[in-house]
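Next come the structures, one after another.
There are two complexes below, and they share chain A, which is joined by chain B in the first and by chain C in the second.
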Partner chain A sequence: MSATRLAAVMVCTLVAAACGDEAAETVTSPETVTFSTAQFSNVIGPGGRRFYSFTLETSGPVTVTLASVTSADTGAPLTIPLRVGVGRPQGTECPPATVVTVPAALQSQFTHLAGDGIYCIDVADPGTVTTPVRFAVRFTHP
Partner chain B sequence: MTHTPRLFFGVLAVLAAAGCSTTASPTAASSSAATFTFTSSFTANGSASRSFEQLTTGVVGLTLTAASPDVRLGIGLGIPRPDGSGCNLTRAVEVAVGGAPQLTVTADPGVWCVRVYDIGLVPERVTFALDVSHF
Partner chain C sequence: MVTRRTLAALIPLVVIAACDKTETPTSATDTTTTTTVASPTTTEEFNGTVTVGGSSFYAFTVADNGTVNVTLASVGGAGVPSTVWMGLGVGAPSGEDCSTTTLTNGPAGASPQVSSVYAPGIYCVKVADIGNLAQTATVAVTIAHP
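Then we have the complex of A and B:
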């Protein structure tokens, strides 16, 4: 075999092998998780609290937004903060595992990483409520 | 022709390198604001609201561009009630007709709403136009 032919054979082999690893790879498709958006609204007075229970079929992040706090009488928006948390219900209580005290906003205020099971969102007066207020919490979960 | 093998090697090495290239021109993420005008009317002590979808996190701006008769009104941004009966407000201001955004709020992606309402100055009925810019 001439030097030229030998070189051609070697280089063609190298070229063919250069991309060979890609064909051998096993690609695992990522698991698709669908997120749902829900809303929890209610009214609390001074010292009051309300909670809402929901079920997670799979683990994942629960993202919470206290989106509105208004006067229950007039509907006027209020800037007072409320205490919002996520936990697991225990009897008639919802002891929050993650909790923040925030005013209403249209951006998420916290995320709680949860396993599957029953959870609750708790909204409570941190001492700022003087007359009944209506709140709306938006949350997304897997 | 002692140069032939070297030349062959060189050409094929270049071809081999080019054949496995995964380089791609990056496409810059882009987002652009959309604007719509909410036009409606309501009677004394009343209100009107409309929902919209924010596709990406960004600033939502509200501008009251017309009111007939020319009275101050409340304008606000919030979250739609699940039963479709209106808009629970997050932020609101009382304004006269103007030409620049009078209320700006940063919002996550999602369905939000605007509300225009009487602050006690509407004689019988008011017709208004509210510009809403969002992402």
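Then we have the complex of A and C:
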């Protein structure tokens, strides 16, 4: 190989090696979202309702389960449905944007997709409560 | 004809020139961020009750960054002096309560007892008995916000 050709090859090799940092971009993994689980329990009587406020640090799904409904007097499990919803606090209430009327269950009963900010879980008597009942709602959110 | 000595001198120069990442200086740009503070455009009235040792709260939404004026307009009820001092606060709904970040104690009046600037979001006003009530009180609160 001539000195000129050798020089050309060496220059190209050195330039490629010296400037190689631009080609090797670091691939970053997507941001991890941490989910929190909370529980809201209280007692409502006939026609009653209660709500619980919480903050979403980032947007994502709020998954809600009416985990238990029991007699406030005896503690006996009840199969009556309650109205459970997710909304945003307004005035003295929590008008739900997503709502279901369901009995207690072991698995999640609905999911509400929400942006970041303050939201609330609303639990109300849909007309099935005749004596005070204790409820427990479990919900997961980002 | 290129000699080996010439090559040895040229190669580092070529490499340095090829990798010169010196950016051409650009003129500095001054960026000024102006936050507008909006005046209240909406007025909400909260009429509630406060039990002995208890509290009551009301949630409202601030649409634009601006001034929120909260006035404990009146306190009443059987056996409750209208001049009784109550706790009045502004904060964010949390759990089954209103977690206050601004709190003041005083009697009802015509002028705002709490006035501050808030970013857009959901807030709450809380009225609480600070140990002065012997009977359940009715309260009227006016909230003016953007």
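Convention: the second predicted complex is superposed on the first by the 114 of 142 C-alpha atoms of A that agree within 3 Å, B and C clash if a C-alpha of one lies under 4 Å from a C-alpha of the other, contacts with A are read in each partner's own complex, and residues count from 1 in each chain.
Quick note on the criterion: a contact is a pair of C-beta atoms (placed from the backbone, for glycine too) under 8 Å apart; a residue touches a chain by one contact, two chains touch by 3 or more.
Just so we're clear, the structure is a prediction, and the values are computed from it rather than from any experiment.
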Practice problem: Considering only the touch criterion stated at the top, classify A:T65 as touching first (chain B), second (chain C), both, or neither. | Solution: first
Practice problem: Check whether A:Y52 is in contact with chain B, with chain C, with both or with neither, and answer first, second, both or neither. | Solution: second
Quiz item: If you stack the two complexes on chain A, which partner ends up touching A:A76: first (chain B), second (chain C), both, or neither?
Solution: first
Quiz prompt | chain B versus chain C as contact partner of A:F139, first or second or both or neither | solution = neither
Practice problem: Could you tell me if A:S108 is touching chain B, chain C, both of them or neither one (first, second, both, neither)? | Solution: first
Quiz item: Can you list the residues of chain A that touch chain B in one structure and chain C in the other?
Solution: 3-4, 7, 11, 14-15, 18-19
Quiz item: Where on chain C does chain A make contact in their complex?
Solution: 2-4, 7, 10-11, 14-15, 18-19, 44, 46, 48, 56-61, 92-96, 121-122, 124
Quiz item: Which part of chain A faces chain C closely enough to touch in the complex?
Solution: 3-4, 6-7, 10-11, 14-15, 18-19, 40, 42, 50-55, 88-92, 117-118, 120
Practice problem: In the complex, go through chain B and note every residue touching chain A. | Solution: 1, 4-5, 8-9, 12-13, 15-16, 19-20, 57, 60, 76-79, 81-82, 88-92, 105-108, 110, 112
Self-check item: Contact footprint of chain B on chain A as seen in their complex
Solution: 3-4, 7-8, 11-12, 14-15, 18-19, 37, 39, 41, 65, 67-68, 70, 75-77, 104-108, 134, 136, 138
